[in-house]
Amino acid sequence: MANWERKEIALRTTATGHVLTAPVFRCHGRSERPLAYIQANVHGGELQGNAAILALFDLLEKESPRGSIVLVPRVNPVSANQQVGDYVAGVYDFGSGQNFNRGYVNLTGPSRGSSACYVDVDAFAAVHRDATLSEIRDGFREALHGALGAVREGSGPWGIENRLEQSLAIQEMALDADVVLDLHTGDRAPRYLYAPAGATAATRAFGFPFVLEMPARFGGALDEATFAPWNDLSEAFRRLDRTDVRRFVDGFTVELGSMNAFSMAQGVEDARRIASALRYYGVLDGEPDEPPYRIVCCDVGDYRSIYAPAAGLVDQAISPGTPVRKGDLLARMVDPSRCTTMPPRSADAVIEVRAPEDGVVLLFHAFASIPKGARLLSMMTNVRQL
Amino acid sequence: MANWERKEIALRTTATGHVLTAPVFRCHGRSERPLAYIQANVHGGELQGNAAILALFDLLEKESPRGSIVLVPRVNPVSANQQVGDYVAGVYDFGSGQNFNRGYVNLTGPSRGSSACYVDVDAFAAVHRDATLSEIRDGFREALHGALGAVREGSGPWGIENRLEQSLAIQEMALDADVVLDLHTGDRAPRYLYAPAGATAATRAFGFPFVLEMPARFGGALDEATFAPWNDLSEAFRRLDRTDVRRFVDGFTVELGSMNAFSMAQGVEDARRIASALRYYGVLDGEPDEPPYRIVCCDVGDYRSIYAPAAGLVDQAISPGTPVRKGDLLARMVDPSRCTTMPPRSADAVIEVRAPEDGVVLLFHAFASIPKGARLLSMMTNVRQL
Amino acid sequence: MANWERKEIALRTTATGHVLTAPVFRCHGRSERPLAYIQANVHGGELQGNAAILALFDLLEKESPRGSIVLVPRVNPVSANQQVGDYVAGVYDFGSGQNFNRGYVNLTGPSRGSSACYVDVDAFAAVHRDATLSEIRDGFREALHGALGAVREGSGPWGIENRLEQSLAIQEMALDADVVLDLHTGDRAPRYLYAPAGATAATRAFGFPFVLEMPARFGGALDEATFAPWNDLSEAFRRLDRTDVRRFVDGFTVELGSMNAFSMAQGVEDARRIASALRYYGVLDGEPDEPPYRIVCCDVGDYRSIYAPAAGLVDQAISPGTPVRKGDLLARMVDPSRCTTMPPRSADAVIEVRAPEDGVVLLFHAFASIPKGARLLSMMTNVRQL
Amino acid sequence: MANWERKEIALRTTATGHVLTAPVFRCHGRSERPLAYIQANVHGGELQGNAAILALFDLLEKESPRGSIVLVPRVNPVSANQQVGDYVAGVYDFGSGQNFNRGYVNLTGPSRGSSACYVDVDAFAAVHRDATLSEIRDGFREALHGALGAVREGSGPWGIENRLEQSLAIQEMALDADVVLDLHTGDRAPRYLYAPAGATAATRAFGFPFVLEMPARFGGALDEATFAPWNDLSEAFRRLDRTDVRRFVDGFTVELGSMNAFSMAQGVEDARRIASALRYYGVLDGEPDEPPYRIVCCDVGDYRSIYAPAAGLVDQAISPGTPVRKGDLLARMVDPSRCTTMPPRSADAVIEVRAPEDGVVLLFHAFASIPKGARLLSMMTNVRQL
């Protein structure tokens, strides 16, 4: 049976000196690696990942893992407690305005979070030109840890900004892993996956119906912060004509349905899919499931948003996850003040929004009353099957 | 065919001098009275009433009303524009903390909003002891208008607070009506009605499955502000042994489902039910519909809330609108940090919430992550059929 | 030397299960009574009372008190942590909209917070008609504790709302005291005092330049919740023609300057004034100071607000605390968009606000950009010397 | 006398369809150029620039300008109306989390705002290798306008996000100018200036006591968005060995004291300084004033922040604008809950913050209660005289 540890990590100290923490559960399997890092609820209103982690607890009691897993539910108490009126406004830090999933540090190049400290992959590759793969892997991870430590310590007596300290606390845990799963949700959306380009078999192991493939470019999110350095390393070796150094680490953002939905029963199903991916990575024994349907995929650059052409109430004409053809009605933007001809007619209040291209509408904005120019919906275009 | 007018009323002037307005649509039927006043969206996140009003526009084009109707969709632009992150935080005024549906003035007694100006119903009844019913009705309405005007003007050079001015703008319109419908929604709820006690036939005409009966006591909401003065008048006459002066005016809060839901198609059905009530009041021709099922009713004093016994994620065990027996499981409060025994089990994270009494769970809190002591749900107890 | 104890009380449990607490310091003097209860920072942005309490710590090390003192700085961590952008928005509870200083329970009559449980003063007086004063005092305090306990327990399995639980935690401590000081600040204001009518000598002992005298009417604030029951009791005895039962307990709201100001040095001076009042009440030895100037006083009903007659930027023409004559210029409301005649002139942007009566401008709104109808300033009228 | 025009530009349409606008005042002097663009209050709580613009109105009535000036007070009504409780939370867009002064488009390279459309300076320089300076200037401005138009139009049926549209509306006006002044304030700060490196004489003309010199690197703010393209152009020509193409356009962020301060009287003095800078640029006649004192300057890279080493209340030990030596006491971080030894002493609550280096403390955080790791203050280091 697996051996478990639990600790609390500090994420932020409030103005009154209260320390907001998250529980960290570590499941030691038959060996320490491969190691998976799974966290949930970085955005305070995206709840379902917690149900998945709880279901993974139960699943891991039934089957002893081959590798190890770190699980962190409720990883962002700062965000989860940003409650105004009835709702959790959990995407942007009330203190700094920052999207809580954009503050991670680029460990192989300068980033907004911290420009000073990073690993020069070309220099590293040059030094490790003839090293074994495991020397490269271990050495690079150590170098990344060094860079992260330098970010934390580098400011000396000037101190470190709380938003950066919060990101570092997470990144230090994630950095050790061979695969990182960041459990989010869409606004109003089906289940889908942000997956690194080239990780097709792993992506298929999840079995989610929709996939957005990301290039290995750093943009501040945890998935990118996880795999981009290893991708950079791989490319640095390729520049030295050594092609056996593949990207050793993958990171995924797993979107488990809609914001504000929470179901323990559905969490069991979500855990089953995550477990399938963990089998692919060798963290769990056994073979991953074969996806029960064809997975629809597009490049993240072909995942495009429609911004509301007019202010008003949103009457969705279709459900998120629906394939559409160019010209199909997607939503009505409704504003009764547009009824200026008497007698008033409901039709005068309506501005129709139609699909600019073929694709799949994946996500609607969370609230049905939006300003002009707010993101109304996002759709996959140039879709292909995975 | 009905004759329509449209105007804009000013509700608030922002710090930058922009005037937030609402459109007012007045449908003149074959006679001015009975007059219905219908508004929607006093709370910024409660959207569906707007769809009902738009559908009423279309319905009123098909059948010319006998009386007249004032319709005000999007009546609270202040609230509707209180958007933080993805959500509309529309219940409490960001400026004053006040619930937007608690600031109306008690016109027959002192109220928080304005203690100075109101009509003394006993004095009025004494003077009108021998008046005809229509003299009483017209005279009292005029007296109420006078009191409302005195509230507005009474502060003289000290000016008037914006939250009061906003309430007055609405109350001045509503005061003229014979029946007032304030279209709201619950948090997560089915359709239900707040109805004044004693208005059973009218209440049945709406045909909503659930009804909360209110005593004629002023608490600051528009429905109460509407009928409480007329109830007070009726009782004042009764104290003079004149029993033919019934409450001439009714007010209802109509809860059209859940916050943040908006559907034009469903609005057509909502409008059909509102039209049925308008037939009862003689604003529209014809007979009201017979409700298609038994209506479940309780006193508003028997509508009770359960406050979360522990913080956490809410896993609803039942849907809003479900009858329950004492002891039935209603929801699970889930917090993974309660897993302190290793190996962690999902069951350790759960605190069950069970029904303290028989009844109907009518409403769940809008968000599935709540602090300890937040309203988790509200349920009808001591239910009866209407 | 005084004997000290420290404990933490829980005020609220956040959605992530973190308990927000406040430290409670109890200084046992030579006897347990008279007992003073002093708290600070109920409104999150009103900081200076904390400096006063810290200075009282140092003062109490130098002189051993005769009675005892409970001191609670940072008493409202919920409010203090309601930080949005650069500021603490600390007056209204983000969760319930309620002003944090309006939720206390009326223990001798029905209140909004809890209508069920209170002490009937007339029944109590009848039973205690011939009791000694100390029997009355002790018995009544016990009865009030009973009522407060009944509020807390009365809801049984329905649970208790967090905002009420938070108020109860404070009220339970304050209820034991013979004098309660609730340390607040104004928005932009000098030091002033809300004092119960009839407590002139005590009020003078504070030596603050401005005083608002309150009638003994319950409005939800801690000072009123403290002394109103004892006032009701005194009046109940008077109705039984027993006139020796004076109001045994006083409560004050002490306004220590402006929101968001915090100075340890100024806290020493504030503590000196509070200590003077504690001498009056016999909690500290010695005589209270004689106020160094004439204290300006008015009834709280004569403390009136001017609501901004137009939106815009506020250019104060005078400082808070300035006496004015009717017609004096108080502030300019400035909005450049009012410059509609070309060439634009600054004078066209300005709307002057002048004093409607003689008095003292005590307080300006905290922010210099306000909507039309927001409270611009508050001024004392019908002032007298104390 | 100058010829004036006034128009309103639309900045955003709210969910209820209300258009938030800003007034634009254009003063045509004796010739169209040089053209100055001056705006105020991009961050909703930074008010004083409006007073400066109003005072400039009066100044421009007395002296007819040589060039022309566009003045936009209250340029960001979205931000100014983000009022929660007593305060304007005006730095971050409630809708998108974005700092309102970081969303401008990089017109000579890819930016976060819009990656698609920009001018290739090297290609432009190659084509204009032999053009006259005025051909270059006019041609480049036209090219920049083209790029900006392409950003706006490029999204076609997908629409444009409101935050980008708002930035574009401003950038389109600013792009025409020869010098741009963006009037801000610090949190709690004296007057200071962000000036482009190399603009020493212009910088001195303002006469503000403190100056932060910026490299010509794009970071999203309006000043950078203004001069960075012209700097890039100058460098592109230099790469072609043509050195007479200097940076034709300058942009400054002018910090007029503290957030939330507003004074018409002080605005007259601010306008006098701005007018001095406009004389330098030839927009007004006459010579700029000689600064009355030595100006203290540092590179913006040497302007460093101290993040609070502990949570608590901030007791400033010095005023913003004070020179300090390494080790000097700057502030005390005060938290009464740190008093854990009995008897409690105020000293136990205090953590001192001292200067890590010599320099000038320029700015304190706006609120005196801050979480651990929030920016406590910012100070200039490696200062020099200008």
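Every chain is named by a letter (A, B, C and D) in the order it is written, and numbering of its residues begins at 1.
Here, a residue touches a chain if its C-beta (ideal position, glycine included) is under 8 Å from a C-beta of that chain, and two chains touch if they have at least 3 such contacts.
Here the structure is a predicted model, which means the values were calculated and not measured.
S.K.: Identify which chain pair among A-D, A-C or C-D reproduces the interface of B-C, meaning that over half of its contact pairs, matched by residue number, are the same.
M.R.: A-D
S.K.: Let me check something: if the centre of a chain is the mean of its CA atoms, which chain is farthest from subunit C?
M.R.: A
S.K.: Roughly how many whole angstrom separate the Cα centroids of subunit B and subunit D?
M.R.: The mean C-alpha positions of subunit B and subunit D differ by 47 Å.
S.K.: From the mean C-alpha coordinate of subunit A to that of subunit B, what's the distance rounded to whole Å?
M.R.: 41
S.K.: Which residues of subunit C are in contact with two or more other chains?
M.R.: Residues 14-16, 74, 80, 83-85, 88, 91-92, 95, 97, 335, 337, 369, 371.
S.K.: Please name which positions on subunit D make contact with subunit B in the complex.
M.R.: Within the complex, subunit D touches subunit B at residues 14-16, 18, 20-21, 74, 77, 80-81, 83-85, 88, 94-95, 97.
S.K.: Can you list the subunit C residues touching subunit B in their complex?
M.R.: Those residues of subunit C that touch subunit B are 12-17, 91-93, 95-99, 155-165, 304-312, 335, 337-338, 356, 369-376.
S.K.: Give the list of subunit A residues in touch with subunit B in this complex.
M.R.: 1-2, 4-6, 8, 22-23, 25, 27, 44-45, 47, 50-51, 53-55, 57-58, 60-61, 73-74, 80, 83-92, 187, 259-264, 313-315, 332, 334-337, 339-340, 342-346, 349-350, 365-369, 371
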